[in-house]
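Below you will find the structure I want to go over with you.
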Amino acid sequence: MSTPIKRHNPGPVLCRAVEYGNLVFVAGTTAENKSASCKAQTEEILKKIDEALAAAGSSKSKLLWANVWLTDIREKAEMDAAWKAWVDPDNKPVRACVEARLATPDTRVEIMVTAAK
Amino acid sequence: MSTPIKRHNPGPVLCRAVEYGNLVFVAGTTAENKSASCKAQTEEILKKIDEALAAAGSSKSKLLWANVWLTDIREKAEMDAAWKAWVDPDNKPVRACVEARLATPDTRVEIMVTAAK
Amino acid sequence: MSTPIKRHNPGPVLCRAVEYGNLVFVAGTTAENKSASCKAQTEEILKKIDEALAAAGSSKSKLLWANVWLTDIREKAEMDAAWKAWVDPDNKPVRACVEARLATPDTRVEIMVTAAK
């Protein structure tokens, strides 16, 4: 029997989160408030990731893997300030952070994570 | 005893797909027809991903995770048109889509997925 | 009982590697010697990945997945020369390689991998 897949909040192209065995995959997440700074956008994103993880029976303390994209890599310190205030100091994931133009020019940051359950 | 790893279609630098336990990892996939539009390149890529998944005992209905890179993020709607026509509406994965220059300038899109078995 | 998570070398924002079940996630890795060529930076990175994998009970022969980012995609052949000299010819992972501006302009390449244990 194959491991069941549980899909959360399907939209037109993707699901917000997918549970599979002992893994939770969360979609690339951006902020609604596009006029906010990179730091504030990151804070909003991390709140949304908290919610997605909770709905899938996980939490930031079980983060395994993260990919961060910044529209301007020079805003990395801003993003990291919000990240450091949020991440569980005893349970940091692996991470890569690179620059990439995102869906709209005022989207300053996008974050995608995978967590344990 | 460790979980066996099954590797598909090894090339000079990578395998097209790798099966491991209940997971199937597929390599970043691009189109052969580089003169085609972003939409047509996406259609070709998704056909190749179907084939790679089938060879590894999976299918698009078991997609878990996807990363899409576009040479020009303004072509996202084109890519999404092909994606929406292809993806199983009841089984959408998580996804991130960002801009990145790819191996050649006429490569408009590259897609990498992970699926369940 | 949930699968234990083992975290290696925590820094201010991330861990170098995370073991979870039969998977090992390694963080996006860059070279210390920023004045080196893309090829030499790749060689240094692959040595660091070897060390991270060994510390987590894995090795390059168990690579499953890789993402490579290049500051200039035209240096792909240089990166691939170092990659081909390093990768286990019988055990190549899936991989995607795209261009992205990285943390500093002289960082020519960053590599993130996931491996089996």
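Going by the order they are written in, the chains are A, B and C; count residues from 1 in each one.
Criterion: contacts are C-beta pairs under 8 Å (C-beta built on N, C-alpha and C of every residue); 3 or more make two chains touch, one makes a residue touch a chain.
Since we're looking at a predicted model, the values are computed, not measured.
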*How far, in degrees, do you have to turn chain B to put its CA atoms on top of chain C, rounded to the nearest 5?*
120
*Same or different: at the chain A/chain C interface, is the fraction of residue numbers used by both copies above or below half?*
different
*Rounded to the nearest whole Å, what is the centre-to-centre distance of chain A and chain C, using the mean of the C-alpha atoms as each centre?*
21
*If you look at chain B, which of its residues touch at least two other chains?*
67, 100, 114
*Contact set on chain C toward chain A in their complex*: 2-3, 5, 7, 10-18, 20-21, 23, 25-28, 67, 69, 100-103, 110, 112, 114
*Hey, which residues of chain B end up touching chain A in the complex?*
22, 62, 64-67, 73, 76, 80, 83-84, 87, 89-100, 114, 116-117
